[in-house]
Amino acid sequence: MSSREEFRKEREQLNEIVMQYAGKTTKRFFNLDTNVYKDGALSARTKEMLGLVASLVLRCDDCITYHMNQCLEENISDEEMDEIMSVGLIVGGSITIPHIRRAIKFWDENK
Amino acid sequence: MSSREEFRKEREQLNEIVMQYAGKTTKRFFNLDTNVYKDGALSARTKEMLGLVASLVLRCDDCITYHMNQCLEENISDEEMDEIMSVGLIVGGSITIPHIRRAIKFWDENK
Amino acid sequence: MSSREEFRKEREQLNEIVMQYAGKTTKRFFNLDTNVYKDGALSARTKEMLGLVASLVLRCDDCITYHMNQCLEENISDEEMDEIMSVGLIVGGSITIPHIRRAIKFWDENK
Amino acid sequence: MSSREEFRKEREQLNEIVMQYAGKTTKRFFNLDTNVYKDGALSARTKEMLGLVASLVLRCDDCITYHMNQCLEENISDEEMDEIMSVGLIVGGSITIPHIRRAIKFWDENK
Amino acid sequence: MSSREEFRKEREQLNEIVMQYAGKTTKRFFNLDTNVYKDGALSARTKEMLGLVASLVLRCDDCITYHMNQCLEENISDEEMDEIMSVGLIVGGSITIPHIRRAIKFWDENK
Amino acid sequence: MSSREEFRKEREQLNEIVMQYAGKTTKRFFNLDTNVYKDGALSARTKEMLGLVASLVLRCDDCITYHMNQCLEENISDEEMDEIMSVGLIVGGSITIPHIRRAIKFWDENK
């Protein structure tokens, strides 16, 4: 199983447990979280890039991996990926580097 | 060994190492950190909920697990736990979701 | 005009501008943000305390002031307020102190 | 003087003081910080949106204002701006709202 | 009144209000916060630099100003100050720049 | 293989992958990140302490381990290490404790 499939599967399993306990607020928030990345005035492609850079500067590995997966589906190129990472690196500083390392490894394995 | 016992044991072992090196400030801080959650004007129960939501929005898995353990001992219900998580989710946004996933898994295994 | 009224008025005026530009996601999120603090398995009183400590450790003055206002309406006592601040101080460290200073000043002026 | 001009002028004045003390690292970092937003595999327009959402979730008013200014020059529309803010709001939670309020006020005054 | 005196006075006044409400935890924490910067295995001078860089990467203007004041008393040179800021800038990224701007302005006015 | 060697090796391997994708900004930033810790007005020894405390309050385990390694090479003593951790603990609060635990374990194994 690729690191990409592994990530998806674990995420799905945990989401199922979350949903067993989730009240109205949690469920509605999860809906908003899905819908906010859909095509609108901005394309889904651009929004996934926004989600990725936000996840990078907030240094959340799971969120980074999730949006990298989406970027793979949006056919983001290697050069575009490097530039997204660069913006995050300059805004967020060297503290983002360990996350960039793990992110680029995931990218390299799955693209 | 349950995930709850495993967590406690590892925490204890690491605390022992920390205490071998700890000077006065570290030791006193650890005391404050224990005492701040004791019954006072607010009950220990309420304070553990405060500690949990603070840990969630600061996105610290170990701190979340610690306070979840305490919440188990304070007989927090599933519905109360969902509402604590919901407040953290709304305040802290989707970046807290991976932590909520791991937290609810721990809750589900140990309650 | 008290600092409490001033805060409310400015917040209201800015919210009106936000709503002129707000799409569906923003509007729905604002609804969730209102509803999550309502009575449920946990009382509104407890939830406002959760919101306050979360705002304190994330160091957002406006959010702190907002929840302090709500705590005033929930008749939180001085001793309870000190204990909420203490939990936030221990979890979040000295970096929260400037926010505690401004918060307690607001509390002192408006309680 | 508009809030936009005021912002630019103060920023310029402070940068001059910073440069009087700046060594090689600071100067080179400032160069990188300018260059990273230039047209490349991604357009300057997209990069400014990335910078804006990163600034929003990290909750830095000055950085938000700076990138909003750049977005004005890139002819970002009201709908696009709302969607950038929405992504930041969902990722970063209600703690971003006070920054969104001030940002949208700036947008409303200067667009 | 210089910006340095103004800062000290306001801080003192607010601390007095905080102490009127402070319970045991808050008081003890304030003591630890004073003592941790005193001469020990590391000099007070080095510890103030540590406090300054920590405040910078956590982006707390009041904390930065406080430690800059202490650095002035420890006769930190302009070159040393630039290097402390540089480490913070590289670790924390461009998001620290608005804080560096305000910090260096304070330094320039008071050194 | 010691935890120290293991850390270095993994870091190196990941850096190689990062460099395969790195554009000019990323490469230049990595250079700045190396150079900022070199002897200047402040010694490399002091700068590594600054880097360590900054990494601790930002709660990045990899960054903490990296700077601990450098501190080992600069012959930082146990007492000095405890005082660096103490400053980070007081500034950053109990949320730093899980990172301190892992850091001191690494220190204990490798000093």
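Residue numbering begins at 1 within each chain, and the chains themselves are lettered A, B, C, D, E and F in the order written.
Criterion: a residue touches a chain if its C-beta (ideal position, glycine included) is under 8 Å from a C-beta of that chain, and two chains touch if they have at least 3 such contacts.
Computed from a predicted model, the values in this text were never measured in an experiment.
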{"item": "Any chain that touches subunit D and subunit B", "value": "A, C, E, F"}
{"item": "Path length in the contact graph (subunit B to subunit F, fewest steps)", "value": "1"}
{"item": "Interface residue identity across copies subunit C, subunit F - same or different by half", "value": "same"}
{"item": "Far-end chain from subunit B, centres as C-alpha averages", "value": "D"}
{"item": "Chain whose mean Cα position lies farthest from subunit A", "value": "E"}
{"item": "Separation of mean Cα positions, subunit F and subunit A [Å, integer]", "value": "26"}
{"item": "Chain centre separation (subunit E, subunit F; CA means) in Å", "value": "22"}
{"item": "Subunit D residues counted as touching two or more neighbouring chains", "value": "23, 25, 29, 32-33, 36, 40, 54-55, 57-58, 63, 79, 82-83, 86, 89-92, 94-95"}
{"item": "Graph class of chain-chain contacts, one of line, ring, star, complete, other", "value": "complete"}
{"item": "Residues of subunit A touching subunit D in the complex", "value": "32-33, 36-37, 40-42, 46-47, 49-51, 53-58, 63, 77, 79-80, 82-84, 86-88, 90-92"}
{"item": "Touch list for subunit F against partner subunit D, complex", "value": "23-25, 28-29, 32, 35-36, 40"}
{"item": "Subunit E contact footprint on subunit A (complex, rising order)", "value": "57, 89-96"}
{"item": "Residue ranges of subunit D touching subunit E (in the complex, touch as defined)", "value": "11, 14-15, 17-18, 20-23, 25-26, 29, 33, 54-55, 58, 60-63"}
{"item": "Subunit A to subunit F touching residues, read off their complex", "value": "59, 78-79, 81-83, 85-86, 89-90, 94-95, 97-98, 100-102, 104-105, 107-108"}
